[in-house]
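There are two complexes below, and they share subunit A, which is joined by subunit B in the first and by subunit C in the second.
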Partner chain A sequence: MSKSEFWTLTRRLASYAVLCAVTFVVCFPLVWALSTSLKPKSEIFATPPTLIPRTVTLENYEALLTGRPQYFQSAGQQVSSGTTPAQFFTRWFVNSMIVTLGSTLISITVSTLAAYSLTRFRYWGRNVIPYFSLLGYMVPSIIFVFPLFLVMVQLDLTDSLLSLVLGYVCITLPFCMWLMWAFMRSIPIEIEEAALIDGASRVQVFTQVVLPTALPGIIAASIFSMIVSWNDYLFGRVFLNSLDNLTLTVGVMLFFEGTHVDWGLLMAASVLMTLPMAILFMALQRHLVAGFGAGAVKG
Partner chain B sequence: MDVSLDRINKSFGAVQVLRDVDLMFPSRKFVTLLGPSGCGKTTLLRMIAGLEAVTSGTIRFGDRVVNDLAPRDRNIAMVFQSYALYPQMTVRRNLGYGLRVRKTPKGDIDTAVTRVARILEIDHLLDRKPAQLSGGQRQRVALGRAMVRQPDIFLMDEPLSNLDAKLRVTMRAELRRFHLDLNATTVYVTHDQLEAMTMSDLIAVMHGGIVQQFGTPAEVYGKPANLFVAGFIGSPPMNFITGTLASEGDRPAFSSPELTLPLAPGAAKGSPGRDIVLGVRPQDLTLVGEQEPASIRGRVWVVELLGSEKLVEVTIGERRRMTVQVRADTAVNVDDVVGVRVDPQRVHLFDAQSGAIFRVS
Partner chain C sequence: MRNGYALSDRAVGLLFIAPFAVTALFFMVYPIVEAIRMAFYSYNPLRPDLTTFVGFSNFAYIFNDPLFWDSFWQATVWTFLSIVFQTVFGVGMALLLHQALPGIAIFRGLLLFPYIVPTVVIALIWRWIFNPEIGVVNHALLGAGVISQPIYWLSTPSMAMASTIMLNVWKYTPFVVICVLARLQSVPLELYDAAKVDGAGPIRRFLDVTLPQLKEVLIVVIVFRTIWTFNKFEEIYLLTKGGPGTSTFNLAVYSFEQSIANLRLGVGAATGVVMMVMLSLGSIIYLRVSGFGEDEKAP
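Showing the complex of A and B:
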């Protein structure tokens, strides 16, 4: 082995070692959560701890999905008269879905139309609006929470899923719009003109030519919006009150408020919470890279 | 179908890009709008397409005024410089899009697409997307998309400018051939005078938003209407010498420090002393030896071999140069002293002030 070959090999080994370490750090909590969620109670605190459960059980998942009350009683104020968080899990899951899909739908619709207008029509401010909107996204969302809450009080929307949908639109729309704007700018106007000459109406040009071409951007913006809405805790915590209306992130916190923490149940809930976003990500990651890439070049 | 443009004006804000354009493109002719960039040729084409509004004037297709018709109601097809293919559609769907939005039955679309793909030799590419095609293939798809609907008028905006030189020559001949087969009026925009000369039935030479001359390629080459056309058409470009109109006996003559040339007899009475520009093409000049009678003498500055010809640049007078085109086997070297013969029958005279052709007779 020559000297240069030796160094190449060493460098490669070193970089793999670093990558393995990073992968381990990132993946370990996920793997541990999955492992714990599959263990019976007796094994969770076993010493030495086991990464691969000796006995695999689905009782935690069963409890969550069927809403069966577990044996622990809550001491928290919100959880009273024999109710346990597990009973609400499916309800919260549906709430999270509604809020996430609702806010994403609004954000994407508005930002796509806005971006189209900003890139295709001539009016004052069309070049500065996207940058101001990006600036809006850079302000931490905690600054918006209380003013928005006061607005929701005025609108009589507190403790409703709609308030959360509107709140998430407020924090995701600026970035979605900027992303779509950068993407739309890269679509040459000639393809729209070609479609007009081919015989398409304005609406057909938008739906059949512009939207399909902008699809990678739409997917990237959607994933961004869904992740923000699905993972948000702050807005849900402030805007919502009643057990029936909570979203997953806020609801799952209630597992901590009992006299003791049922780790198996909590980890099963965490795994189920992670699943939708993980699946979405894996299915669409190619588009995500393309979408953010386009934004990076043109923005 | 005839296309007539009647006193067309176009302004973008305060900038006027087209002035009083009056043109008539006869049915089934290949007409080229030729001019340098910024001359308004593409804007004019886009107005014919309906993509740009007319500020004033009338556009007619046949007898029908189309000023306010949407592009899709004009039965035109257009090939864009950038091809403008729909990136997410396969070649097959790109070709058929115009028919699909017009609700043509599926069977007819398939037939039309297959026919055009076979003509353009892209039938093996039908299931690919534009990103998977080479420049020449995209060009053909763009052409096919325009051909598939059998339009009355075929508009092309510099369709060959993104192709390499060799492919451009091939496509030039093919476009000309397709035009003959299509039976449509073709309006072609280019800044390349060679493309215009080789392909067109008629050429409109444009400059500064004004049509400088409209005629057959032979006319714009042989009888340029003004200095601009004379200088723009022809390669290598025409030689110009500034001088005055004089008289030599009873004949008018051109007079300048470098050259005195008797002109055709019985012409230009009563206007001696007027400033004029003499133009003569390099092909119309004859190079002779130092001792032979010649109109101008000078020293060879550089010799360029083009293959079958040589371009000889001759320094005359103080700092002027003239290009003479000679056969490649002519023996001529740098720094030779040579004579240049100018044939009075082959010169073009222009008014120095207006640039317009100066009719001696």
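Showing the complex of A and C:
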């Protein structure tokens, strides 16, 4: 082994060691949550704590998915006697799915159409709107959540999933709009012109030429929108109040209302709540890497 | 943009922008205007009939409220420390990940993952691992002899502040990593080769080549993150509810508590207006440094 090879190897090993250490610290909270969720009650409080469960059990997940009313005998005032938050878990999961997919669908449709219009047609304000949209994105939700709630009161939509769908459109649309605009702007217009000259209609051009080209942008905007909607707590907290209609984030926080906190159950809920985003993230990873450009291959 | 083509079918253009215009007017512009208007009214959501115009007295109220100023300073400390750690760790992790090593994609995925974990989940995990009696962090620290008494992470003011900062840094450092990594991959390799020829060591190369190249993206990231961090709500509220006492209040939590607990929507809205003014100042700085934002990256 030559001297330079030796150094290369040493440096690589050192890099891996540092990477592993950093990754361990970063991932520890999640690993610990997963580990806790798989432990039986007795082992959760064991001293010393075990990272790898000695006994692996799915009882916490089972309790959530079947709504076994075992814990939380004295849950807070929102929960009437005989019901437990765990009983609503699957329902909340579905609610979260509905509002996430619903708001994303609307945001993406509206922003894609708008971005196409802004980049392909001439009218007053077409260069300013995206920047105002970006400014809108900077405004924190806490500022307009109450006025928006009052709008929902006027529309008689309070405590409905639809109000939340509209609420999430408000938070995601500005950024989706900005992203789609930036993306559409970078798509060369010549192909569309050629298709138009060949006799294609505007709608054909849009669906068959523009949309496929804009797909990476649409995917990026969708991922963003889904993460924001799925993770939100504030809007759900302000807009909803009946147990049946809650989303996961708001509902799971109710698990704290009792006198007794079941950490195993909570960690199982946390894992299940993170799972859809984790799956999405695996898909996103490819797009992230692709987005970072071919320059990724570095010598 | 070709003239004949662009002007040909204005109707389609307007039709495509219409959904965005309607949504933006009703659910974005209107609530923000309402949020500003509400700041000048005394508004109790339970007694909307008693709503009266009060001029600037809501602002007078908050500026005379010691809690408002406490929240302001706590938010400043929280933001400053969060940004410092995020930037340092973010650049460090980006440099680590910017190496041509086999398997680096796995590390990249794991290190970016916290960004997509719902804040509710992080807050739950934090409450579990930082639990003073049964949490694994105190266990480890006691076991290693670093501390002799358990640390009350969430029930002493300074430690609660530290815990929320840790949560914030943990969740948002990946954002810095993504932006810096994207920039690193476009730094011309010739610059490094030239520096090597000149005999610059790794530290010199970082200071003289890498850092100047990162300057621009770091300014953008720091301004963006400062604006967002200052206005964060869930990251604090879900972990400490602003407590113990009011020691982790920021302006968003202050506004929320005024609106929800004290039912003074006007006071909450006035706080929101103050936040918006500061946000606009931040945005102006951003627009200045980024040259009207021609090329930002998706989060």
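Methods note: the second predicted complex is superposed on the first by the 260 of 299 C-alpha atoms of A that agree within 3 Å, B and C clash if a C-alpha of one lies under 4 Å from a C-alpha of the other, contacts with A are read in each partner's own complex, and residues count from 1 in each chain.
Quick note on the criterion: a contact is a pair of C-beta atoms (placed from the backbone, for glycine too) under 8 Å apart; a residue touches a chain by one contact, two chains touch by 3 or more.
Predicted model only: the values in this text are computed from it and were never measured.
Engineer: Once chain A of both complexes is superposed, is A:Q204 in touch with subunit B (first), subunit C (second), both, or neither?
Structural biologist: Only subunit B; A:Q204 stays clear of subunit C.
Engineer: Of the two partner chains, subunit B (first) and subunit C (second), which one does A:L64 touch, if any: first, second, both, or neither?
Structural biologist: neither
Engineer: Looking at the overlay, does A:L265 come into contact with subunit B only (first), subunit C only (second), both, or neither?
Structural biologist: neither
Engineer: On the A-aligned overlay, A:L215 touches which partner chain: subunit B = first, subunit C = second, or both, or neither?
Structural biologist: Touch partner of A:L215: subunit B, not subunit C.
Engineer: Would you sort A:T36 into first (subunit B), second (subunit C), both or neither based on which partner it touches?
Structural biologist: second
Engineer: Between subunit C and subunit B, which one touches more residues of subunit A when both complexes sit on the common chain A?
Structural biologist: The partner that reaches more residues of subunit A in the superposed model: C.
Engineer: In the overlay, answer first, second, both or neither for which of subunit B and subunit C A:L113 touches.
Structural biologist: So A:L113 only meets subunit C here.
Engineer: Of the two partner chains, subunit B (first) and subunit C (second), which one does A:E193 touch, if any: first, second, both, or neither?
Structural biologist: both
Engineer: Identify the partner contact of A:F281: answer first if only subunit B is touched, second if only subunit C is, both if each is, neither if none is.
Structural biologist: Touch partner of A:F281: subunit C, not subunit B.
Engineer: Which subunit A residues contact subunit B in one complex and subunit C in the other?
Structural biologist: On subunit A, the residues that contact subunit B in one structure and subunit C in the other are 193, 196.
Engineer: Please name which positions on subunit B make contact with subunit A in the complex.
Structural biologist: 49-51, 70-72, 76-78, 80-82, 84-89, 97-98, 101-102, 145, 149
Engineer: Quick one: which bits of subunit A touch subunit B in the complex? Just the residue numbers, please.
Structural biologist: Residue positions touching the partner: 188, 190-191, 193-201, 204, 208-209, 212-213, 215.
Engineer: In the complex, go through subunit A and note every residue touching subunit C.
Structural biologist: Answer in residue numbers: 12, 15-16, 18-19, 22-23, 26-27, 29-30, 32-33, 36, 45, 47-49, 106, 109-111, 113-114, 116-118, 120-123, 131, 133-136, 138-144, 146-148, 150-151, 166-167, 169-170, 173-174, 177, 179, 189, 193, 196, 202, 220, 224, 227, 230-231, 233-234, 238, 248-249, 252-253, 263, 266-267, 269-270, 273-274, 277-278, 280-282, 284-285, 288-289, 291-293, 295-299.
Engineer: Which residues of subunit C touch subunit A in their complex?
Structural biologist: Within the complex, subunit C touches subunit A at residues 1-2, 5-7, 9-10, 12-17, 19-21, 23-24, 26-28, 30-32, 34-35, 38, 93, 96-101, 105, 107-114, 116-122, 124-126, 128-129, 134, 136, 139, 143, 170, 178, 181-182, 185-186, 189, 227-228, 231-234, 238, 252, 255-256, 259-260, 265, 268-269, 272, 275-276, 279, 282-283, 292-293, 298-299.
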